[in-house]
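Here the chain labels run A, B, C and D in written order, and each chain numbers its own residues starting at 1.
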Amino acid sequence: MIDDALAQAVSLLASTVRLAVPLVLASLAGLFAERSGVVDIGLEGKMLSGAFAAASVAHLSGSPWAGLAAAIAVSIALAMVHAYACITQRGNQVVAGMAINVLAVGLTVVLAYAWFNEGGNTPALPDPARFKAIVLPLARALADVPVLGRVYAGLVSGHNVIVYMTVALIPVVSFAVFRTRFGLRLRAVGENPHAVDTAGISVAALRYRAMVACGTLCGIAGAYLSIAQGAAFQREMTAGRGFLALAALIFGKWMPVPAVLACLLFAFADAVQGRLQGVSLPGIGVVPVQAIQALPYLLTVLLLAGFVGRAVAPKASGIPYNKEK
Amino acid sequence: MEGVPALALAGVDKSFGAVHANRAIDLSVAQGSIHGIVGENGAGKSTLMGIAYGYYRPDAGTIRVDGRVVEISEPQDAIRAGIGMVHQHFMLVETFTVLENILLGAEGGALLARGEAEARAGLARLMAEYALEVDLDARVADLDVGAQQRVEILKALWRGARILILDEPTAVLTPQETDRLFALLAKWRDQGRTVLLITHKLREILAITDRVTVMRRGAVVATLETARTSQAELAELMVGRRVLLKVDKRAAVPGAEILRAEGLRHVDARGIERLRGISFAVHAGEIVGIAGVAGNGQSELIEALAGLKPLAGGRILFKGAPVDPPGSADACRSARARRIAHVPEDRLRMGLVASFAARESAILGYHDDADLGSGPFLDPDATRTRTNRLMEAFDVRPRLPELRSANFSGGNQQKLVLGREIDRDPELLIVGQPTRGVDIGAIEFIHRRLVDLRDAGKAILLVSCELDEILSLADRILVMFDGRIAGELPRAAADERQLGLLMAGVAAAA
Amino acid sequence: MKNVALAALFAACLAGPAMAQNAPAVTFDVGGKFDRSFNQAAYDGAEKFKKETGVQYAEFEVRNAAEREQSIRNLARRGASVVVAVGFNNRSAVETVAREFPNVKFTIIDSVVELPNVQSVVFREHEGSFLVGMLAAMASKSGKVGFVGGMDIPLIRKFYKGYEEGAKFANPKADVLMNMTGTTPAAFNDPTRGAELARGQFDRGVDVVYAAAGATGLGVYQAAKDAHKLAIGVDSNQDHLHPGTMLSSMIKRVDVAVYNAMIGARNGTWKAGVTVLGLKEEGVGWSLDEFNRKLVTPEMEKKVNEARAAIIAGKIKVTDVTAAR
Amino acid sequence: MKGELPRWVDLGLLPAVNLLAALALSSLVVLAIGVNPLAALAILVRGAVGYPEAWGYTLYYATNFVFTGLAVAVAFHAGLFNIGGEGQAYVAGLGATLVCLGLDALPGFLVVPLAILAAAAFGAAWGAIPGWLQARRGSHVVITTIMFNFLASALMTYMLSNVLLDPTYGSPETRHFAPHATVWKLTDIAARFGFEAPRSPLNAATLLALAAAAFVWVYVWRTRAGYALRTVGANEQAARYAGIDPARTIIAAMAISGALAGLMAVNEVMGSQQRMVLAFTGGYGFVGIAVALMGRNHPVGVCLAALLFGALYQGGSDLAFEISTINRDLVIVIQGLVILFCGALENMFRPALAAFFARERAAA
């Protein structure tokens, strides 16, 4: 009985981890953009284009690594379009993000349709072209060891390489933001770009670099969806994850670790959601599936409304930098 | 004054679109001197310094540092050439610590840890040498403005500046703090460093500089030896005509009490108590001036009185009756209905809407007036008519009600706001920084209208950081320090030294 | 240069619709003809017709509600020998257009339009689902089988109910876990979520999963393969997708229906009226081929075929949730 | 720095140049998939306006876009970016449906206006809640409106699969509304006068759209409430100074925005489909964003941009019909590029145009 409960807990947490990965990556991507002063609702579009590029190139080359590289490259390219609009042309950042999203939805499908003739999807990938689950050393052997072995085999082991990459990235990003020159400048430029400018640092160059970081992480997130967790690109396969990631970022007050925790919370809600469907709750009976499916979204709204209060965004985010003001 | 100039600008020209901000400027600053630059708002001083600091690119002209031509196209170049700058609006990241602010742009490596240790040691030396104490680990947002300025100066020094440009450094200082700053500048000069001091306060120029350059409308009109000039001469050069430096007015004839504040307290969003029990009264037919260094609660006070900022304690009585609790949704509206008018400190932040046509800014706060349309509708012709009348009465130029508010000069914007508020015949006018960023001609006009309003028996509460303005307009002077009234003096009994001590929180209430 | 451009413009204007005389036409539903499932079955039928007769059919993939009527009318107007509308969503559009064009033949799949020039083909999906439900329960070692649906709508519940009854029939103690993917049209296009839902079920002990969720199912099958579990395909024969993983497919012979309509219109055997295709008519069924031969034991095969006979004979009643209302 | 342009350039030429840039880039995409862009354009144009039925569809699509575009524009004037038009319209469909199905015992002249009001009211409510959350709780309206789109989907899928569905067919759609409880189509009106109009879903909601555009113009620029709304949008501090309650104004703006988006349901549910179907909003709510940006948030501009997008949708449909390698999502690409060029990059060509006109003026 206890064993079963443990197995269920491990399974739920492992599911949480898998669901959290794209959110965490996108959320950290958003962190770079927003800390630099660029509000980014275009995470969704960058991820989507990354997913498409990854699946296409992995299909053509047979190598997931080539796919990952392509995802990053395409996502960065889109981030540069975003950056050009927001930084160089000082356009409305939210509108630019929206444009990126719409463009990505349309372009991925049009190109997939034309290139692969599979109705806007890419062909299913064979195993060698995907990132497969990695069984860590001794996982099999330890699987029967109570508790720790179970957790090791079920939760720690058995993920694909992007999951581990993401876990490794969290402290790296945290360190980069708080302990490096780049991070110091990044945090400064989102708060007071004039201060950065007068300190002899180019605001535009800094923001472009932040957007490169943002694009990179979004690309990895996209690749995760299409060539690690999934095995092909489908139209609109990001399904709102970019927006959830943004909500998590706000909920995490633009700090890496709290944002990651918020992502885990959303992912947990999602994982629980899948397990609650059709389950009869004591006293309530079977809740309509749709009500349970709405749970993560409802949770987002409630968190934003209730617990965050007025989140203080980087002061300069959303405002194009204009020297003459 | 011999030798190669520390900084020399030749033929510097800069336009922003249609605005010709700098016209063929020649300027030579001698090594080891303090050089003043004066001029009205919009004369081009800040643009010129921005060019010297690499903030703007000149359209033409050359810059020499120590005789060598240098290409300064961004601040990095200026810093490398040994130029440092203390901006009028501090260039600090408020959420950062002092140390982080100083490190920004001079981190000393890709990782922060090493540079930090180095900076701590170096800064300790600098602070000791120049008496510039600040807590390196304090958050800038928690520092007072004087300390923030010290951070700015430390920043420039840490970057090895030999030529220091200070843009209106005394605007936020008490007279005593100003003296301290000037002592520091003098020490530098004696060490062979060079200082450029931009200000519009002529007394300061005369007190500290060696030479002074006067600018008007983007051009240099004169460069003089400070010892051989006078305040009147400089003022005339600045404006291009003779200027009345004093407002002439009769003695006040105070009437009934109009406004009474009792123990006002305000706590801001960050939990800092900005008003700590303010009590005073304003009577009909008098101008009460509130002096003080910026950031001591004056802004919060006038916004609370106007109904914008909520109170944590105390009450406000208007003609003996309590007003609606400030900060509530309808407080501003009801204040206006009682004929309490408010000219806010910052016209672009609050006084008008930059993107609106002048006729739309001219009804801000009065858009529910019955004569502006019937029922829920707003009649554009009615707003145009009213705006024309205001523009006529307050000499707003150009007289174009459809022109965007942002396209008027600061003085004309201010006249439009003042006109709008006076037009409704207020019982009480609350006015903050009425002449900030306004040219001398408009200052005279605005001062005149305030005195006229007083003479018409209205009560005026004037908040200004310009001691001169307070001294020339107020009938009674209150000094604010750290959220309290530090003292009250009748105009006749007030002198600058005493006010300065009160502003610094040194002297007790008189 | 300009002249060339103008010439191209005119040429394109004058070319007009290219449609062979007396050729049939088909409109696919949202999801498109390459969903490897329902629409693709229709596509296969049309392709078969083309291959046999050499006649190029006209086609259209619908994206929004307004296009249904428009495309069906367009195809009718251009003289299609028969217009095949795939999907229950087309009912209203077919009804309208069929009245406008009383001399044109229409075939609607998955819904009923009672007009003299309309042939309606509906399937008894619950019967086919019953059989694969049995297979699932028999192949399951844990006694737990799973179902992943696209959206919680009556049609999908029909699949589920039949499946559940089949599973319980084969093993009265069988547990059937159910998940629905989402509430937006993307629910049929979210393989990532499908995979996660499947993994959630596997973690709860499920070892055979049946997906009725369009392209989302692809994620379910992939997850089953990754986890070394079994999966059951839907609509088309999907056994070839992952040999060794795909236990079977619940085949819904949309291809036959489409082919019959097209070839019937050509031969003059096309008849209006309602056709209900169940096990008896071989309109639904289960797949057994070289890809899953090894997974289905002779005993399983025997039992399923017995049940099939019993259903046809009316000895076993399978609940049709859509009829019950 | 502000290169002031002649009004006609600012409002006419600049958007046209931006649009052209978007189309030029789109044609590169078309070229990339191996189709002659000019041929594609010809089909697009012919498909959009080349024959009477095409006009019907173009105007019908445009009607949707006028509503959703106006919704975005009104919110925009209050400084809000309402991405929730999709969900607001979806839930508004529920309002219209409940009245049309539940109260169809009433005569048409009662049930139709009631249903329209219900659509507006449901849409308004679905918009006002994110407005309230923004104004009172500080939750960013962009994110909450997106979440409300998902919530609307969940709600409507439940309603359509469990409560409202037509039992005879068992598919997630309601029964047809009684004929008197619908908005007349052009074909019906023409039939009444003995004509035959081209077959299309075009219906009287198009007139409602024009009325809504007129309403928005009057409300935003000719009323005190509209003045308050624009003040809050342009400078919230100034609004507070002027005694305007930003919170109340934001909630009102979102309610009006939601109501306008909701009226789209009148065109879709009451006019075109005359019943409620799953996902009838078809992404029109998102197109409204492009329409509002393209139309510079002015009702006249929104109407013109809606017409353009209506033409793109109808033409795109024909394009997909004629050229099998191109699919409809090309229209989404164009839409994205239009948002990019007319929205985010709106000022890219401004300096060049300003310089050109400055030269012209100098020469004159």
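One rule holds for everything that comes next: a residue touches a chain if its C-beta (ideal position, glycine included) is under 8 Å from a C-beta of that chain, and two chains touch if they have at least 3 such contacts.
These figures come from a predicted structure and were not determined experimentally.
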| item | value |
| --- | --- |
| Which of B-D and C-D has more C-beta pairs touching across its chains | C-D |
| Intercentroid distance (Cα basis), chain D paired with chain B, Å | 47 |
| Gap in Å, rounded to a whole number, between the CA centres of chain D and chain C | 34 |
| Whole-Å separation of chain centres (CA-atom averages), chain A against chain D | 30 |
| Inter-centroid spacing, chain C versus chain B (mean Cα positions, whole Å) | 74 |
| Chain A: positions in contact with at least two other chains | 117, 120, 235, 288, 290, 293-294, 324 |
| Touching two or more other chains - residues of chain C | 61, 152, 182-184 |
| Per-residue overlap in chain D, given as positions that touch at least 2 other chains | 1, 150, 154, 157-158, 327 |
| Inter-chain touch pairs (all) | A-B, A-C, A-D, B-D, C-D |
| Complex contact set, residues of chain B against chain D | 16-17, 306-308, 329-333, 335-336, 342, 344, 349-356, 360, 363-365, 367-368, 372-373, 376-378, 380, 407 |
| Complex interface listing, chain D residues touching chain B | 1-3, 218, 222-228, 230-231, 234-235, 237-238, 240-243, 245, 247-248 |
| Residues of chain B touching chain A in the complex | 16, 53-56, 74-79, 85, 87, 89, 91-96, 100-101, 103-107, 109-113, 115, 155 |
| Interfacial residue positions of chain A with respect to chain C in the complex | 7-8, 10-12, 14-15, 18-19, 117-121, 124, 132-133, 225, 229-232, 234-237, 239, 270-271, 274-275, 277-278, 288-290, 293-294 |
| Chain C to chain D touching residues, read off their complex | 5, 8-13, 17-18, 59-61, 63-67, 69-71, 73-74, 88-89, 91-92, 100, 111-112, 151-155, 158, 182-185, 321-323, 325 |
